[in-house]
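Look at the two complexes coming up: subunit A is in both, with subunit B in one and subunit C in the other.
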Partner chain A sequence: MSDPIYWPSFFFLLFAGIACAFAIAVVVSSNIVRMAFYLVMSLAATAGLFFVAGADFVGSMQVLIYVGGTLVLLVFGVMLTSQDRFISMKTSRFELGMAAGVGACLFLLLLFAAWSVPEWRSLSREQVDAIALEPTATPLGMALLGARVDAPESPDVAGYLLVFEIISVHLLVVLVGAAYLARAKRKGSAIAE
Partner chain B sequence: MMPLFANILTEPVGVAHYLVVGAVLFVCGALCMATKRNAIGVLLGIELVLNGANLNFIAFGSRYLRDSQGTIGLDGQLMSLFVIVLAAAEAAVALAIALNFYNSFSSIDVDQADQLQG
Partner chain C sequence: MAQFLIAKDIWPWLAYTLAALVHIFLLLNLVAVGALLFIWMERKVSGRIQDRLGPTRVGGKFGWLQTLADGIKLLTKEDLMPEGADAFLFKLAPYVSFCASLSAFMAIPFAGGQYPFVALHMNVAVFFIIAVLGLEVFGVILAGYASASKWSLFGAMREAAQVVSYEVPLGMCAVVPVLIAGSMDLVFIGDRQAGGFWNWYVFHDPFTFVTFWVYFTCATASVNRAPFDLAEAESELVAGFHTEYSGLRWSFFFMAEYGSMMAVSLLASILFLGGWHGPLPIGTGLGLTFENGFWFGFAGNVLGTANILLKGIIGVTVMMWVRWTLPRLRIDQVITTCLKYCVPIAAMAFLGATLWQYALPNRVFFGLAEMRPQSYAIEEVLPNRNSQPADAKPVSVTAELNRTNHRANIASLD
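Moving on, here comes the complex of A and B:
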């Protein structure tokens, strides 16, 4: 082989393979506990893809919030509802076959769309090596507070202070609502209410 | 269509490679939502779909995947942060609803949630 291996591409392939394989395993598996574990692996590999794309802060947040928070919540859901008859629920063969057909069509459409735009192809090796490495945490934090330090030459680029506030209040309201909805009730009293 | 994997190990990857991975995650999530009978399984499918969308945002915002005139810059990463937070909120509410359904009907099968059927 004339060219040596380009290691970012190797790690992209590694993480992409893990993410796709475990995502397919989530669909194929019928055991809910295994599905949750496969999803943890798939989302963790996606965090690796974020790192390879240069999004270090978002990759860390993916591991912290998604894998560490949201999926633990879902695993609690699995544990709270894990009677024997709900652990493994089979889907009928007809439905699985139809889903595979529809999914293959949708995937081919997306694949065609992704490869039909020439600007979305990769840069050359020299171009990528010329790009200076920049950490993203500080510009992201400043953008959430409304100041875009990453684009100082264009003052009309908007900050995200309002979105940040709305999303904060939204998260608070949602968590209060979820705690209210899921509060402990005596069995059978919910219908009578 | 150019050859997909001819020189992928020796050349940098582009936005299109990331879009393909995002498409796989999206399709898997959509199929999961459509075929699973366990309500928690449907929630896992939703997480997969949101994650595929997140991956596309990151790819379009990255400076290493295409020339910097074409990227959406830091906005992509900000959008994907918002998606992560909203996914957490969505999972909390949906799980509360699923647990409520389970408390009322002693079942987590979405096919049995048909009381509103006309």
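Moving on, here comes the complex of A and C:
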């Protein structure tokens, strides 16, 4: 009755492989719209990883914000502004070296961080199977309002209300600024131009 | 279904594969056969409304052979690609649209109850469907860009601006039923509205009634149907984003379009129109529930599936009716409709529905009737953590919240 293949690992490797392959394709490609497309595939595969991990809310969020929102706007922006020189981007050797250096540093940092968390290591398959799949939306929503129902035993754990507010005010300022910069000129000042 | 097969002592991997194949087969056929039906309906509706003499030489009762003839024509058409097009993206774009449209059906339930008819029973189904339906525009943008034609590019840019704007009020409207039901689970939302049309959320209060019409307007716009079909305005842009497409690739765009129309209509019927529950509780009255045995419940679910499909088809028909009745808007009018009318109305309706729910909880039909006790706004059951003894009942959010607040108070006193 046991499975010949351990399916969670299979799907993890599948989605991780897709994400990595398309991430490399983004770097290698020189056509900017294709880059955007590869980025979409990479981010969508990341959403798949979230779904495999049972975080359906975060996965849907990834699809809505990154794949559906940001990338559509990115391609839209490229189409609006694309001149001949933007269609194909040539990176100089120096930029390539810089990017490789920064990327390698970040990779090492993340690798170090990932291996230094004890909860993320040494889980046997039985332990993993014992973890019940729980709905994530409600605890996340409550935590956003400041009540960490996922950690009732430790009242010191803060909710995300303050962080959320800071980010929203920041975004509001950005939006107002963008609207100010992009506003239509008044008729009176149009003569001067 | 997979659990059902596993219970019958089938290997889990085989059970999951079989269940997945059945789901894929059914959903794919729903989209593909649905597209055939809708193309036929589109001809009939437009013929009736605009007094158009459709094709008269193709036989079949009511001209049903015409759709098949169309299919054969599309299959045998030459697959053209313009010079200077980005071949890879050009070929890929129809599939991106179609996949996005099809994936939305994954999370749509067709019947509820104890064993819902749904390919993927998600806790956040509303959110997932809205997220995935937003991806369809990506295929359109790629098609417009990769075609190397200015008509395509204009069409795609209009579509991008339009869809990105209309997602905002669409999401706001979809939140209102979520607010009333207290869950984003579509199976749950549908089953809250059981027992007659007076329980449907569209009649819950005046604000949900307004919200429904705003939702339907925004849904029409977000699936790019007339009067919002700026992206393929044939009088200005030849055919918009699919100008350069022919044959099967072109028909993939249309399957995607009809698929999304069906998806937003099904979502509307689940969120506002009672989903798989008919206007009168006939199925429940005949005892077709899971309490009376599995096969009774199954028959009830089949009836419910017919019900929701009928509602979805009615929604699509209304979209066609609107398309052949109203003239096309200008792009500035489209954006004005969204940002100056739909968004504020949706926001006010959201606020109003919140206050209504606060002032008159557990009432339905504009507050005139009592809500069935089993449809009260839920307190979602949270998993109990190791702080609880193993035999304790799962605690509700409110209780947990009270406890957390209590602890916070104690902590602040210290």
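Here, the second predicted complex is superposed on the first by the 146 of 193 C-alpha atoms of A that agree within 3 Å, B and C clash if a C-alpha of one lies under 4 Å from a C-alpha of the other, contacts with A are read in each partner's own complex, and residues count from 1 in each chain.
Note that in this section a residue touches a chain if its C-beta (ideal position, glycine included) is under 8 Å from a C-beta of that chain, and two chains touch if they have at least 3 such contacts.
Note that the coordinates shown come from a computational prediction; the quantities given were computed from them, not determined experimentally.
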With both complexes superposed on chain A, which partner does A:L80 reach: first (subunit B), second (subunit C), both or neither?
both
Once the two complexes are aligned on chain A, which partner has more residues of subunit A within touching range, subunit B or subunit C?
B
Regarding the shared-chain residue A:V117, is it in contact with subunit B (first), subunit C (second), both, or neither?
first
Answer with first, second, both or neither: which of subunit B and subunit C does A:P135 touch in the superposed model?
second
What part of subunit A is shared between its subunit B contacts and its subunit C contacts?
1, 3-5, 57, 61, 69, 71, 73, 76, 80, 134, 136, 139, 148, 150-151
Contacting residues of subunit B [partner subunit A, same complex]:
1-2, 4, 7-21, 23-32, 34-38, 40-41, 43-45, 47-48, 51, 54-55, 58-59, 61-68, 70, 73-74, 77-78, 80-82, 84-89, 91-93, 95-100, 102-104, 106-109
For subunit C, which residues count as touching subunit A in their complex?
11-13, 16, 86, 88-89, 92, 122-124, 127-128, 130-132, 134-135, 137-138, 141-142, 144-146, 153, 156-157, 160-161, 163-164, 167, 184, 380, 382-383, 385-387, 397, 400-401, 403-405, 407-408, 410-411
In the complex, the residues of subunit A that touch subunit B are 1, 3-6, 8-10, 12-13, 16, 19-20, 23-24, 26-27, 32, 35-36, 39, 42-43, 46, 49-50, 52-55, 57-58, 61-62, 65-66, 69-71, 73-74, 76-78, 80-81, 86, 89, 91, 95-96, 99-100, 102-103, 106-107, 110-111, 113-115, 117, 119-125, 127-128, 131, 134, 136, 139-140, 143-144, 148, 150-151, 160, 163, 167, 170-171, 174-175, 177-179, 181-182, 185, 187-188, 190-191
In the complex of these two chains, what residues of subunit A are touching subunit C?
1, 3-5, 7, 31, 33-34, 37, 40, 56-57, 60-61, 63-64, 67-69, 71-73, 75-76, 79-80, 132, 134-139, 142, 147-153, 155-156
